[in-house]
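We just call them A, B, C and D in the order they show up, numbering each chain from 1.
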Amino acid sequence: MSFNIPIGPQHPALKEPISLRMTVEGEVIRDVDIRLGYNHRGLEKLAEEKSWIQNIYLTERICGICSHSHATCYVQGVEKLMEIEPPKRGIYLRYLVSELERVHSHLLWLGIAGHEAGFDTFFMYTWRDREVVMDLLEMISGNRVHYAINTLGGVRRDLDEALRKKILEGIDVLKKRTEYYFKIGASEPTFVGRLAGVGKLSKELAMALCAVGPTARASGVTRDVRKDDPHAFYDEAPFDVATADTCDVLGRTVVRIKELFESYKIIEFILKALPPGPVAVKAPRKAKPNEVISRYEAPRGENIHYIKSNGSEKPERLKVRAPTLANYPATVEMLRDGFIADIPLIFAAIDPCICCAERTVELRNARTGEERTVLFSDLRRMANERARQLPGQRNVTWPF
Amino acid sequence: MAVLKTLLYLLVYPGLLFLFVYSTFAEWFDRKVFARLQNRMGPTHTGRWGLLQPIADFVKLMAKEDIVPARADKTLFTLLPIVGLAIVLTAGLLLPVWMSDPAAPGMVSFSGDIIVLLYLLSLPTLIFFLAGWASTNAFSIIGGTRVLTMLFGYEVPLFLSVLSPALLAGSWRLAEIAAFYRAKPLLLLPNLIGFVVALIAVQAKLERTPFDIPHAETEIVGGTFTEYSGKKLAFFRLMTDIELVVSSALLAAVFLGGFGGGPFLGFVQFIVKTLAVIFLLSVLRAVTGRIRIDQVVTFAWRWLAPLAVLQLFIVILIKGFVL
Amino acid sequence: MTDLEKIEKAKLLLGDKLLEMTHPAPHRIFLTVARENLLAATALLKDRLDCWYLATISGVDKGDVYEIVYHYGDTNGTINVRTRVPKSDPRLPSTCAVIPGAILYERELQDMFGLVVEGLPDPRPLVMPDGWPAGNFPLRKDWAYERPAEIIPGGKK
Amino acid sequence: MKVAVFLPELLRHLFRKPATVDYPFKKIEVPPDFRGTPFLHPEICIVCKACERDCPAEAIEIRSVNDAEKKFSMIIHNDRCIHCAQCVDSCPTNPKAMEMDHLFELADFDRHNLKKEWIYVRAVLKKEPKPPIAPAP
């Protein structure tokens, strides 16, 4: 017997609205439809009506978790358009916040993964430790969520010596805790048993469907903008691209935990090598007609902004592609032939940020009349033609 | 006079009122321990240390709007919470709360009451299944089928492991079993494997992590209770709480023995023992993540059932050679 | 591969399909191809120049033409394929056959600019709500949003 | 095979102080640089309207009350404010006429109560008195 179960737009597993319509047979998912559009704010249109400075705060509000990544991506693009070079200390501070944000985002994700797997203790512990980094961010920027540290030509706040020490102390605490999670959390049998072998995405499929971020890296695709196309100081920072080849949710967890360690390394590098000097230069109010592509490795994957200016105070076009949108086609593939019990885990494993993914349309009337869902069957057919899919192996035995 | 006594027995102690108060306290205890294990505070504001929080939750739910889905089987839908509550309350009456003296046992102590108690404890599972089925909601139906699937996993190990001590004691009567172990406390030790198996099976019966699969909220929203609201949900929650008390009391009576000492000390022992079992259940809840339905069945038949059979063998050997 | 090598290789690959090529910043290469050659160029770039990763597709309303830019991330930068679509004839071939992951972006283009992407496996609207009036394409420059007057509920005044 | 790997950590926490705070009764201090809500020092404001122009949320409204007396009114719509402190950055005066306070419990039942209004006379920038130009010999 097969029937439809709706996951979303409102569902306990989803923190933001999206509609996944599953066709299930017993406990096994046979088909998935995704419907977007519940969370559109029309940001791209709005950006065309706001000035360059106002748009910093607008792009920051694309997402609540990776707020800094969108703002940084936008700001580093606009700086190229305006042909200004922020001072070195400003750049270091900007990416200090961005690495701290990556730490907070990955810790948040670890907790979510624990919660989706019904492991609430893990959830509570990771989120408690995430408070350490949240407090650091609050001390640096003055706010916990929207740091607003970026401005055109640098950053808005400087760091004093006491705060620098505090950050180093906080990072030491976090390092210990992360090691603990890596060692212990990843070997709790009920937890690992839920993650291993779930949501398989082969390397070929990940490439064909243009997956990004930890989702792609867990399938063995070594893509990281920080390494491939180093922006700012990343060509001098010591870090490795974390990958895994298990192609499942466990791999995505491992990649994120490894990235946490890489981030700690980068943060320590920044704090040790922090050059003296000013943190910002003055930016003009207008930009010459030009176009620029700004790429940034957000916690969820590559973030790309295409900014076009026409010589006025406002951008002509700001195109935002958030990493979650790029991962949707891959998610559908991961969900297929999985169990209902795995839906939240697989969906959470791309670290979905629906706010990020949906930002384009002015949504005035959100009432849903007749149903229009997105059929991904055709997409799947094409993807399968182009890439051999791994045989669906599932870990259905007790893992010890 | 006899009628009055029976009424008192049914309504006040150890019937409705006592079970209500004690089960809400047990829920508070469970929540508090769970929270403290997670470095949280747990309920704090309602009453001293939040003691009244479960009662406040109950009262709040009683005052909420009660919605019956249009397509649900209305009679069944309405009847099930009441029947379920009645079943667990009846089971509560059979507990040897303080009278563990076989000469003058409780009012409804009879030979074979452990079997009846186990039977009454399996009925709520059926109630949950029917509740899910009667709701005609996709999530509820999945939850209902999960309840039944799990039943096939844990029920046999539970029965085997709970009956082994009874076998050793040579009685099917809770009071007599307790008296037996009071006389020979050392014989509790061979039942340790059975205790562990029974703890895990009871955790599965109570649908708590790692076995909260029938109402895993991140997967199937509320599971069997998705469509329930208001008074009916309050009854169901009360029912789960009482089930927690009854099953932990059963484990306490069968596995933890008794030490006599009259009604008052006996009652204190009852409270301490059940709370100890609830504490263990809370730790089990905190230490694990939710597993998948197929993993439950595999786990139950690969580990729990063989262990329970092993326990049975140990008991038979002891009975044959030692006693 | 350095930028210059990439440029040379792209010139060699595309031949006379390439209308224009700019290199405004390190790691950023802009190619312009005609709409008719888009599919062939995409396939060539994907197979020979490692452009399997389509980051996104942007559209810009440039008055009488729409400028569609396909942003590919290659090994160490981006290669951007630009094509122009006249407003009088807003058709665009779909690249889904070459890059399956392009479907979301192409459907977004349809919704936002009113382009007709031909050969799209699933051409229904993606991001627009149900009941969105036909013929409204928000990212066109001539589409303006009238903000309704703000009504603050509450006691005072 | 490992079972219950979290157990030691869990039992340790049983005797530890909770990490959470009894929020509405006990509060955590915000850091000194915390961005709360913006407010105005009306005696310094020169009404250059830089804050109004740069405010991304259009939360600042400056109107002229009386042209002759150079009287202005500034309304900060706290229901729209996104607490980015760009107004403080844009403010050209020294010391700044706009500043952020440390309030964070801003909820109200009525959005009208969130409006803050100042009516003030425009300040004049104090200029350094120029040294008198020496008359040509």
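Here is the rule we use: contacts are C-beta pairs under 8 Å (C-beta built on N, C-alpha and C of every residue); 3 or more make two chains touch, one makes a residue touch a chain.
Since the model is a prediction, treat every value here as computed from it, not as a measurement.
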{"item": "Mutual neighbours - chains that touch subunit B and subunit D alike", "value": "A"}
{"item": "Pair sharing more residue contacts (C-beta pairs) when A-B is set against A-D", "value": "A-B"}
{"item": "Chain separated most widely from subunit D, comparing mean CA positions", "value": "B"}
{"item": "Chain closest to the middle [Cα centroid of all protein chains]", "value": "A"}
{"item": "Centroid distance [mean C-alpha coordinates] between subunit C and subunit B, Å", "value": "61"}
{"item": "Intercentroid distance (Cα basis), subunit B paired with subunit A, Å", "value": "43"}
{"item": "Subunit A and subunit D: spacing of chain centres that average the CA atoms, whole Å", "value": "30"}
{"item": "Subunit A-subunit C separation of Cα centroids, rounded to whole Å", "value": "23"}
{"item": "Residues of subunit A whose C-beta touches two or more other chains", "value": "121-122, 125, 128, 188"}
{"item": "Numbers and ranges of subunit D residues touching at least 2 other chains", "value": "4, 6, 10, 19"}
{"item": "Set of subunit C residues in contact with two or more other chains", "value": "none"}
{"item": "Chains grouped in pairs wherever the two touch, ordered by label", "value": "A-B, A-C, A-D, B-D, C-D"}
{"item": "Residues of subunit D defined as touching subunit B within the complex", "value": "4, 6-7, 10-11, 13-14, 16, 18-20, 22"}
{"item": "Subunit D-touching residues of subunit A, taken from the complex the two chains share", "value": "50-51, 53-58, 60-61, 121-122, 125, 128, 131, 135, 138-139, 141-143, 146, 148, 151, 156-157, 180, 184-185, 187-189, 400"}
{"item": "Contacting residues of subunit C [partner subunit A, same complex]", "value": "24-25, 27-28, 30, 52-56, 58-61, 69, 71, 73, 75-78, 80, 96-97, 99-105, 108, 111-112, 121-122, 124-132, 138-139, 145"}
{"item": "Residue ranges of subunit D in contact with subunit C within the complex", "value": "79, 109-113"}
{"item": "Subunit D contact footprint on subunit C (complex, rising order)", "value": "152-157"}
